[in-house]
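Structures given as structure tokens follow.
Heads up, the next two complexes both have chain A, just with different partners, chain B and then chain C.
So, the complex of A and B:
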């Protein structure tokens, strides 16, 4: 299968006046056609930044210092090298984005119709009637019960779930090749979450759209995605299929994450949490493995950075435990325990 | 627009303000028809007469008809306030949008210059500008306009910065809208509520500042009728001829009141959340 998006060796830096700090490092990701790819990680792990980087929407203080983001449109293009004008053509047409906050993601001063049509007007040359009809059709597709009336209403007249449906309609109206959904269900009711995820799934299949789903909720990943990358402190620490992730989690951080899910039934057990805190980007540089300080398996060698090691097939983990040359008798592999 | 007028009608206070301003505008436009005399015509035998049938509002120290002067003064006041606020509001809008949207260095430069302007009291700044340009009606308008630019710039900038936090702007960028179009279609309309309120308040402020400058003799020059000029001229006689000061003051107070009433209700009307 051909890849839709191929991110190679992406690094994002934060540049202050005195020093530059690396925030996201050596980020690799490949999304194939019709694939649903999940990125999971806690707040501050850099998952949203990565999605913004794809759209070239990084705030001014952050910049891509290394790597390429190749997108397969009519031809292969590197998104990091596009001029602002070329980038505007890609946004909305080839890559669309759904945001976390449906409450503020629609301009309160314009009707839904106006905002749907605005996207079309930028990227297509249809007549007003055609655009308006297409808008209506999209609203029907996203399951809005009274599409004609909704078309004429203002955002504040809609509920959160309805707005998120409108956002999905807006995102898919130009039939993009990739849909980036940044925590699309976090701000919604639990009952609505599943509906929205299903809707995204169905529509993306219908339109041949790949999905990049960013979330901190492993449940959402389990329900939606094919492949998943676990991010910690600006790096992917484990990358595999969703099935592998849940049946055979390898990186200690992933294990910790899965441990901390409370399931129905186990009433006795206290909720597990990974000890310690996420490191700040300002001391990333001095750290070897960025998870070492919180890791129950930490070893002396963890002061140097591990590479991405292949475990089996497509299952990769960034941990010394999975290094081929590992020899647990060697002194540098001595367990030092959680610090 | 029709719906807007309807909701304005439902808001009694705002409607009164609107009618009041409409009245002042009509009076200003039809001044030559309404006024029985020329504003500078001198009736030697009727100096400082109280209100009577011939001179509705009485006469001033030179025997000019106060009613006619108040009527023509409306022209001057409206002209000054509209032009001055136009200069201030447009200048402030442009600078504020640039400052708030692009931020960074350009924002620093603009805002530091504005801070310098802010350091002067309004009237002193206007006085300084007029001292440089020379006193005349046009220069009064320019001076008041410049005085208003920092106020508008700061207001627009802060409004833009708060609007920028909303995801619909990121979302507009994410669907490929041109930055200038975003500023024109998504930023500007969304800051209009505080902006228009500030405009109405500034309109009344401009009338006051014009009156104050004219009162000091640096604004509109005699014999042109302006409410401020009339106050200045009549302050020596107000104890025994109170009508000389009463009517221009009433005109100033009522006009400002109407602008403020309208501004208040506009703020509510312009909020789309309150549209039913």
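So, the complex of A and C:
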């Protein structure tokens, strides 16, 4: 299968006046056609930044310092090397994006129609009537009950769920090759969440659109994605199929995450939480494995950074436990972690 | 809103005028007048009546469109106010346009290029605009123009319809002075308002659509930033329409400000009362207009 998006060795830096801090490091990801790829991680793990980097919409203080983002449109292009003008042609047309907050993601002063059709006006040369018809059709597709009326209304007249449907319609109206959804359901009621996810799935299949879904919710990943990358402190720590992740998690952080989900059955068990806190980017540099300070398996070697190890097939984990040369009797592999 | 405000203003100005020492009879007759002639004159003006009766007489007239006659000249007050207002109005509009031409583009530029040299210069200029007093700027401007360029603006006011070019020549300098001081506040407001809007999520959405910066800034950011800018502009225009005593004095323009000032000096009660009430009316009207503009700009704002 051909890849739609191929990110290689991406690093994102934060440059202050005095010093440069690395926020996201050695990020690799490959999304194939029609694939639904999930990135899961805590807030501050760099997952949203990565998505903004793909769109070249990083805030001014952040910049891509290394790596390539290759997109397959008519030809292969490296998004990090495009001029602002060329990048604008990709945004909205080849890659579209849905954001977390549907309440604030729409301009309050314009009608839904204006904002829906704006994408078409930027990227196509259709007539006003054609654009408006397509807008109506998209609203029907995203399951808005009174599409004609909704076209003429303003964002404040719609509920959160409706607005997120409008956002999806807006994102898919140009039939993009990739849809980036950054926490698309986080701000919505639980009942609406499932509807929105289903809608995204159905429409992307219909339009042959791949999805990059960013979330902190493993349940959303399980429901939607084919492959998943777990991010911790700006790095991917585990990357595999969704099935593997839930049946055979390998990185201690992933295990911790899965442990901390409570299911209805176990009322007796206290809710598990990973001890400690997420490190801040300001002390990433001195750390070896960034999870070591919270890891129950921490060893002395964890002071040096582990590589991404292939476990089986295409299941990868960034942990010394999976390094072939590890001999747990060796002194440098002595456990120092608490448990 | 309109009615209670105007009612309140009419009472306050009426009482204030009668509380300040001195009256029109004394200013007309001078220091040598006998108490009898003073009393006689006061009686002619109805100033011997109890204050509430005076008020009722006056306000009754105003309600039927009769603002009374000047106690000094005997001329009707309202036509005089309207004549003066025409000058003040033209001056204000010119000043406002000048200030918008300077302030809005510079404010946008500073907002977009935050913390750059452009932003810094705009902030300094706007601070100067706000803090340098009108009269200082006016005097300096006149001095520089006449000493270095041997140019002095024509003296003696001519109406726009009589001689438009001369009229604009006369009004340009005072409008420029007023405009620059108005521009400071508008510039700052535009900058901060644009800055705040550019941080909003929906701006990111529009950029994610692939929109050019031109669309992002003018169609979306500026339109959203317009509400606080309009508020400031409305207040400024409202204040200026009440006449600017100092600028009118420096450039010897017969505007509303001068009318009120001479009225107060001569204790010409009817003129001052009428003019103040008229100014309050215009001020409230401008605010009403701004409110209507809000609801036109922002669909979330509606008035019943």
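Quick notes on this one:
Please note the rule applied: the second predicted complex is superposed on the first by the 337 of 339 C-alpha atoms of A that agree within 3 Å, B and C clash if a C-alpha of one lies under 4 Å from a C-alpha of the other, contacts with A are read in each partner's own complex, and residues count from 1 in each chain.
Throughout what follows, a contact is a pair of C-beta atoms (placed from the backbone, for glycine too) under 8 Å apart; a residue touches a chain by one contact, two chains touch by 3 or more.
Note that the structure is a prediction, hence the values are computed from the model and not measured.
Superposition of the two complexes onto chain A shows a clash between chain B and chain C.
Looking at the shared chain after the overlay, A:261 reaches neither chain B nor chain C. By the touch criterion stated above, A:148 is placed in contact with neither chain B nor chain C. In the superposed pair of complexes, A:15 makes contact with neither chain B nor chain C.
In the overlay built on the shared chain, the residue A:307 is in contact with neither chain B nor chain C.
Comparing the two interfaces of chain A, the one with chain B and the one with chain C have residues 55, 57, 88-93, 96-97, 99, 101, 104-109, 118-119, 122-123, 154, 156, 167, 170 in common. Of all residues in chain B, only 104, 166-168, 170-178, 186, 189-190, 272-273, 275 touch chain A in the complex they form. Contact residues on chain C toward chain A in their complex (touch as defined above): 200-202, 204-212, 215, 220, 223-224, 297-300. Considering their complex, residues 55, 57, 88-93, 96-97, 99, 101, 104-110, 118-119, 122-123, 154, 156, 167, 170 of chain A touch chain C. Note for the complex: chain A touches chain B at residues 55, 57, 60, 87-93, 96-97, 99-101, 104-109, 118-119, 122-123, 154, 156, 167, 170.
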